[in-house]
Amino acid sequence: MTFRLSPSPIDPAALALNLRDDAAGAFVSFEGWVRNRNEGQAVQSLEYEAYAPLAEKEGARILTEAREKFRVTGLACVHRVGHLQLGEVAVWVGVTAEHRGEAFEAARYVIDEAKARLPIWKKEHYAGGATAWINCATRGDHAGSAANPPA
Amino acid sequence: MTFRLSPSPIDPAALALNLRDDAAGAFVSFEGWVRNRNEGQAVQSLEYEAYAPLAEKEGARILTEAREKFRVTGLACVHRVGHLQLGEVAVWVGVTAEHRGEAFEAARYVIDEAKARLPIWKKEHYAGGATAWINCATRGDHAGSAANPPA
Amino acid sequence: MPAIHVQYFAILREQRGLAQEELVVTVATAGELYEQLRQRHRFTLPLARIRVAVNDEFVSAETTLRDHDRVVFIPPVAGG
Amino acid sequence: MPAIHVQYFAILREQRGLAQEELVVTVATAGELYEQLRQRHRFTLPLARIRVAVNDEFVSAETTLRDHDRVVFIPPVAGG
């Protein structure tokens, strides 16, 4: 049962292998992929920045909660940091359980909580060269744009 | 959007690659694994037998239904047939979508319907040499055992 | 009387002792044929737990059998 | 007056123009410090949208700052 941040590309097949367990009948995985559009804008790449010590603590807490709430046999989550291109895996969640219902619910719980709670930020780079920190837009601010960052 | 039966081992990483799509932000996969116990009995291996022409039609119908019910960008399902050892992948479902909620729901729908509707049967081989066709037990019949098959 | 093809799978294949056969049908419906075969070959599953397919599509047990039909009796499934 | 360490991430790092600094605090709480820094550096995010961590744990904005505290102001997150 592990949570970690990864500065290098995530390898879902290798991570799934770590969860192999002859007592498990169900494996559910979630992958977040970098997609080419967000809210109507053409995305070219993105950056994830993490407050690592707290992200790792909070990630481990989320996995512990999932294990307490659902009857699972194993679970893990890896979140990418750094500069990512289209199609790259930004986050991976894997859960094994005896039965599929618990595996689906635990995977959904982990990714929902991870997105809401981990101190990780995403900056999108758009076709025209503009960038934006997602969720950080403020009134009078053009969609959180940091095209003119202060010195 | 494909359903197929596979007589050879399922390769989840290769199947996921087929679903790559820069417009998709979420990928959810389900794998059914052969586990070492079922209802208290030690399982050594199992066999899947399919009525192939109807299984393929019904599998395709399930994927079409999922596409109509949920906003997904891609989906696929592969079901293994033949003799499987512990830990092997018996069934794989993969779904991509712009957003994770639809991907989770569609994957759950596909595996639930596949288990309920595909004309595929499972025979478990137990430690002592006995076997049983799952779900085919009848009154007076020892857990569906086919230890003494008729000629 | 229609001549049909029957294919057996899983527990029915084992209880019948073969995978397929040609039959000349002396009853009207697929369900009646299953009952006849069940008694003849001591199938353990009652008709209520069997689904029927004719020519690779699910049909009701009340379906009338016609010459050259390909009939499959489907025991309870267990995919996944 | 306590001397503390502040670390900035994401939009705050860019608006501050640096990733960390040592400060001698002239206010009592973490929230008051954020308001002071927000005015000084024109941070766009109001305190209501910021969470606070001290020594790598989430705390309330009312937390009193102590000597050697490591303080992080957490903009709205967007993992996954």
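To keep things simple, chains are lettered A, B, C and D as they appear, and every chain counts its residues starting from 1.
Just so we're on the same page, a residue touches a chain if its C-beta (ideal position, glycine included) is under 8 Å from a C-beta of that chain, and two chains touch if they have at least 3 such contacts.
Since we're looking at a predicted model, the values are computed, not measured.
> Compute the centre of every chain as the mean of its C-alpha atoms, then state which one is farthest from the centre of subunit B.
D
> Using mean CA coordinates as chain centres, what's the subunit A-subunit C distance in Å?
About 51 Å, centre to centre.
> Please report how many Å separate the Cα centroid of subunit A from that of subunit B, as a whole number.
A distance of 27 Å separates the two centres.
> Using mean CA coordinates as chain centres, what's the gap between subunit C and subunit D in Å?
74
> Would you please write down the residue numbers of subunit C that are in contact with two or more other chains?
Within subunit C, no residue touches at least two other chains.
> Two or more other chains in contact with one residue: find those residues in subunit A.
32, 111, in rising order.
> On the basis of the stated criterion, which chains touch which? Give every pair.
Every pair of chains meeting the touch criterion: A-B, A-D, B-C.
> Over in the complex, which subunit B residues touch subunit C? Could you list them?
Spelled out, the residues of subunit B in touch with subunit C are 32, 48-51, 53-55, 57, 79, 90-91, 111, 114-123, 133-136, 138, 141, 144, 146, 149-151.
> What residues of subunit A sit close enough to touch subunit B in their complex?
12-13, 16, 20, 22-37, 86-87, 96, 98, 100, 103-104, 107-108, 111
> Touching subunit B in the complex: which residues of subunit C?
7, 9-11, 13-15, 17, 41-42, 44-46, 49, 51, 53, 56-58, 72, 74-80
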